[in-house]
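See the structures that follow.
Each of the next two complexes has subunit A plus one more chain, namely subunit B in the first and subunit C in the second.
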Partner chain A sequence: MLFTSYGFIFFLCVVIGLYYIIPKQFQWKLLLVSSFVFYYFSGWSNLIYISVTIVSTYFVGLKLDSLDRQQNLYLKENKEVLSREDKKAYKEKIKARRWRWLLLCLFFNLGILAVIKYTNFVIANINSIFTLFKLNELSFVNLLLPMGISFYTFQTMGYIIDVYRGKYGAEKNIGKLALFVSFFPQLIQGPISRYDDLSLSLYKEHNFDPKGFSFGFQRVLWGYFKKLVIADRIVIAVLEITKNPETYDGIFVLVGMVFYAIQLYADFTGGIDITIGIAQMLGIKVKENFNRPYFSKSIVEYWRRWHITMGTWFKDYIFYPLSVCKPMLNISKSSRKRFGEQIGKRVPVYLSTITVWFTTGIWHGSSWNFIVWGLLNGFVILVSQEFEPLYAKFHQKFNVRNTFGFRLFQVIRTFLLMSSLRILDCYRDVGISFRMFGSMFTKLNINELFTGSLLKLGLDISDYVVLLIGVIILISLSLVQRSGSVREKISGKPVIIRYTVFVLLFFSIIIFGAYGIGFDSNQFIYNQF
Partner chain B sequence: MEALLEILGELHPEIDFETHKSLIDDKILDSFDIITIIAEINDEYDVAIPAHEITPENFNSASALYELIERLKDED
Partner chain C sequence: MKKKKIISFVVLILVIVILAFLLQKLLMPKYMTQIVEGALIAEYYDEKNKDHDVIFIGDCEVYENFSPITLWEEYGITSYIRGSAQQLIWHSYYLLEDTLKYEKPDIVVFSVLSMMYDTPQREAYNRMSIDGIPLSMTKINLAKASMLPEEDLITYIFPLLRYHSRWNELTKEDFEYWFKKDQIAHNGYLMRVDVKPAGYFPKPKKLSDYRFGDVCYEYLDKMVKLCKDNDIELVLLKAPSLYPHWYEEWDAQIIDYAEKNDLLYINMLNHLDEIGLDFNTDTYDAGLHLNLSGAEKSSVFLGDILKTEYNLVDKRQDENLKALWDEKADAYYKMKEEQYKELEEYGYLLKFNMKRSEGNN
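Entry: the complex of A and B
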């Protein structure tokens, strides 16, 4: 069930209506049932996958808790008789058992994700080696990727690792855990929530709050505006350019790159606005996933502001654990002895960064273009880290750091850099992507844009006008947002202005939303992950 | 504490680590710095800082970081 379908709008009205009518102690149960109904519509077999993940995570969570309790009880009861060494040995024994349970849970759930998502990718790579040696190729398997599996698997992994680390106790009620994993607004495209963040408001009884409801509704509308008016309109031109690389090279690659940046932003942030808005209408607080990322002044800052919950997930559960684990510390020590202080101390940082960006790439899709995209992101981050002393010298010499011109230069540079990397995402083929990137420099002919060719990309002048106005609104709101919530600001205005804004937004979606022939309402880009 | 201040000082000589209390909040220490610090602490104090202890509270100041080292030593 797509967020943009009429079915979903109907479903949402029913859920919200019931949510505030039924006794409050049943509210979370209604959300659980609704989430499963919602997921059922994306394929009944998906329910099996998610249920297996929920049940396995639930039982391992309880097991981790019970081992923890067993340890505390044993140490308390034998406090007087155990020596320090005995206590340490017992703790190590329990720790090892808990570690094995954690690994079992992680491998099991990651295994499901890996088999479904990556089997055909592995087969394709094996086949290309087989072809070299003229061996018979393996046949592909027919596995459908359940929507949102990467999101909910990561969410449950985060939960079980936190229980293992003792950050919080395991959830005793399997229904509540199931709701945390399957909460429908965020099930298919995130954000990747943390249990301790989301559970606070997810299971609470909620009274109808007119302000929260109205703010949530406004945010949902804003999300639909971004998705239907901007993303689903500009995607036509993006596809026309990227599906025909032989026709559209040179300047058109640059146009496609910028258009795709707009499409991806409007699509993904629009989807997240709908998610967070729906949750807010239900009184539930979901973490923000974006913080005006296109205003970032460096790629590191960009990744702190784009898809925030994914970035922090990778940092907390892969980057740091890998960087500070014993083998890595040993590698660091030995490489410092071998290659000297300067190179040696970089080894763990480099290894962890490469691993994280390889994983980020493959998380986005099981193909080489995503892996290369991820690794290039890591490469740029490491290179800019190495250039840090050079930047410092530059800023010492030229006092431009805080000037508007220099900040603008940094923002444009970061935008173009990130957009260039995303070419790999657009063309979905490493060779073509690099060729097209190169053509921007070798075949750049700006005059081509003024021969009416932009009107042959599937969009007419009125579409470009709508897009231009849409993008101006996007940028203006982002600028206004820097000094606080836009909705708070609007709510402080007289009633007539408030309702005018509201009605304008609503009707602009109805009138300018990309529907009808040629404008098939598209799946959200991040649904496929 | 002196050894710790030396480790931190090598990374960011421009910062007064004895007085600064918001190293993470002010984005002075980034994740690369944190990894380097942990590796150096492991060398200097023979203490392994686990990933879940990498929190702003533990890394916002040299004194908080020193308290963490002491606590981990005791737990050991």
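Entry: the complex of A and C
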């Protein structure tokens, strides 16, 4: 059930209606049932996968908790008789057992994700090698990727690691854990929530709050505006360009690149706005996933502001643990010895960064273009870190760091850099992506844009007008957002202005939305991950 | 304060409803020129006197081939044609069900050509057959029965959701006919006075299976039952159009069905000489549909059968009805005159000056 389907809107109205009618103690139970009903529409077999993940995570969580309790009890009861060494040995023993349970849970759930998502990728690569040696190719397996599996798997992994680390106790109620994993607004495209964040409001009893409800509804509408008016309109031109690389090269690659940046932003942030808005209508607080990323002045800043929950997930659960794990410390030590302090201290950072970005790439999709895209992101970040002293010297010499012109240059540079990397996402083929990127420099003919060719990309002049207005609104609101919530600002205006804004937004979606017959209804890009 | 909030909220909802209504009216196709068939279904609901002896149900084989004015003038029979472009049998069934909410005719004449289709054909025809019907369970059931996989039921309840993307196609016509429409048909009859003699038709293709689809029989059975339940005589009719080809195997099935269900079946293709049709002068599109001259001839022929078979009373003496039908006849002859004038002046009819979509029937 896509967020943009009529069925989902009907489903949502029923759920919200019931949510505020039923006794409050049943609210979270209703959400649980609704989430499973919602997920059922993506295919009943998907329910099996998510249920297996929930059940395995639940029992391992309890086991980790019980081992922890067992340790505390044993140490308390034998406080007087155990020596310091005995206590330490016992703790190590329990720690090892907890570690094994954690690994079991992680490998099991990650294994499900890996088998479903990456089997055919592995087979395709093996076949490439087999072809070289003229061996018989392996057949591909027919495994359908359950919607949102990458999101809920990472969410449960985060939960179980936190329980292992003792950040919080395991959830005793399997229903509540199931709701945390399957909460329908965020199930298929995130954000990747943390249990201690989401559970605070997820299981609480909620009274109807007119302001929160109204704010949530406004955010949902804003999300639909971005998705239906902008993303689903501009995608027509993006697909025309990227599906026909032989026809559209040179300047069109640049056009496609910029258009895709707009599409991806409107699509993904639109989806997240709908998610957060729905949660807000239910009185539930879901973490923000974006912070005006296209205003970033560097790629590192961009990744702090784009898909925030994924970035922090990788940082907390891969980058940091990897950087301080024993083997890495050993590598660091021997590197320092062999290559000296300067290079040696960089080795663990480099290795962790490369691992994180490789994982980020492959998380986005089981193909080489995503892996190369991830690694290139890591490469650019490392290179920019290496250039830091050079930048510092530049700024010492030219005092432009705080000028508007330089900041604007940085924003545009970052935008173009990120958009260039995303070419790999657009063309979904490494070779074609590099060839198209190259054609921007070898076949750049700006005049081509003024021969009416833009009108041959599936969009007419009225579509471009709608897109232009849409993008101007997007940028303007992002600028206004810098000084605080737009909705708070609007809510302070007279009722006539508030309602006019609301009515305009509502009818803009209805009239200018690219939905229904004549438009290919696109699922959200991040649903595919 | 709370009261003020409630009032402003109610006003907001009202504004949204009114705007949605206005935008929907503006964005829905008006069908006032070119593909005027789209306006036929809605016209019925503006009819002042919904009390007819005969209701025709079917596709273009009824709304282009029979003239209710002729039936009135020749036999005093009151009739209305509930037809639309490529109206399939489930359209016809639910349209009849809807019509019976307003009136109980003595006779229903059903055009059997649509038995040849057992699956929905094109969204455009669905819209032309369904959009004009006021919202009711009948309309919803009809939409459910008719929809193609890419269609959504809700767009039949709120057509704005279907036509929203017409905002950049709006023409002067959309504003001109925003709130009022011209009369297109005469009791459902779509008049054409132009002439295009029948020419060559491709040889009928051999079909792998001549049996009408089960779903067609299912709806025909339902139609028979609906008529029986309402004490209405159902007549099966094959109109005198030369194309699409009416196969003997199809004819035999209808004969068989009519016999089994004790229905009258008239295949007018078997009576072309009696009707007096001349396909050099009585068709406007080379034999697919009749023009006014042909429609009047076929109406005289059919009216005679209906009057004789079902003892229909001549109502021309009824003063009220006479006044009403005189008014209809005036409009009919006025349009006839205008069309001849246009033909003389331009060589074609203005309303139909664009090439009509192929396959309309």
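In the analysis below, the second predicted complex is superposed on the first by the 526 of 529 C-alpha atoms of A that agree within 3 Å, B and C clash if a C-alpha of one lies under 4 Å from a C-alpha of the other, contacts with A are read in each partner's own complex, and residues count from 1 in each chain.
By definition in this document, contacts are C-beta pairs under 8 Å (C-beta built on N, C-alpha and C of every residue); 3 or more make two chains touch, one makes a residue touch a chain.
Model, not experiment: these values are computed from the prediction.
Chemist: Have a look at subunit B and subunit C on subunit A after the superposition and call it: clash or fit.
Modeler: fit
Chemist: Is A:I510 contacted by the first partner subunit B, the second partner subunit C, both or neither?
Modeler: Once the two structures are laid over each other on A, A:I510 reaches subunit C alone.
Chemist: Given the touch rule stated above, what does A:R165 touch, subunit B (first), subunit C (second), both, or neither?
Modeler: first
Chemist: Where does A:K315 make contact in the superposed view: on subunit B (first), on subunit C (second), on both, or on neither?
Modeler: So A:K315 only meets subunit B here.
Chemist: Figure out whether A:K345 sits in contact with subunit B (first) or subunit C (second), or with both, or with neither.
Modeler: first
Chemist: After superposition on the shared chain, which partner residues are touched by A:L375: those of subunit B (first), subunit C (second), both, or neither?
Modeler: neither
Chemist: Looking at the overlay, what does A:L329 touch: subunit B (first), subunit C (second), both, or neither?
Modeler: First partner only.
Chemist: Mind working out whether A:V495 is in touch with subunit B, subunit C, both or neither, as first, second, both or neither?
Modeler: Only subunit C is touched by A:V495; subunit B is not.
Chemist: Quote the smallest CA-to-CA distance from subunit B to subunit C in the superposed model, rounded to whole Å.
Modeler: Minimum C-alpha separation, subunit B to subunit C, in the superposed model is 42 Å.
Chemist: So in the complex, the part of subunit C that touches subunit A is made up of which residues?
Modeler: Within the complex, subunit C touches subunit A at residues 8, 11-12, 15-16, 19-20, 23, 27, 123, 150-152, 154-155, 160-162, 164-165, 167-168.
Chemist: Touching subunit C in the complex: which residues of subunit A?
Modeler: Residues 6, 460, 462-463, 495, 499, 502-503, 506-507, 510-514, 516-519 of subunit A touch subunit C in their complex.
Chemist: For the complex, give me every residue of subunit B touching subunit A.
Modeler: 30-32, 34-36, 38-40, 42-43, 48-52, 54
Chemist: Show me the residue ranges of subunit A that touch subunit B in the complex, using the header's touch definition.
Modeler: For this pair, the touching residues of subunit A are 165, 167, 300, 315-316, 319-321, 323-326, 329, 332-333, 345, 348-349, 352, 385.
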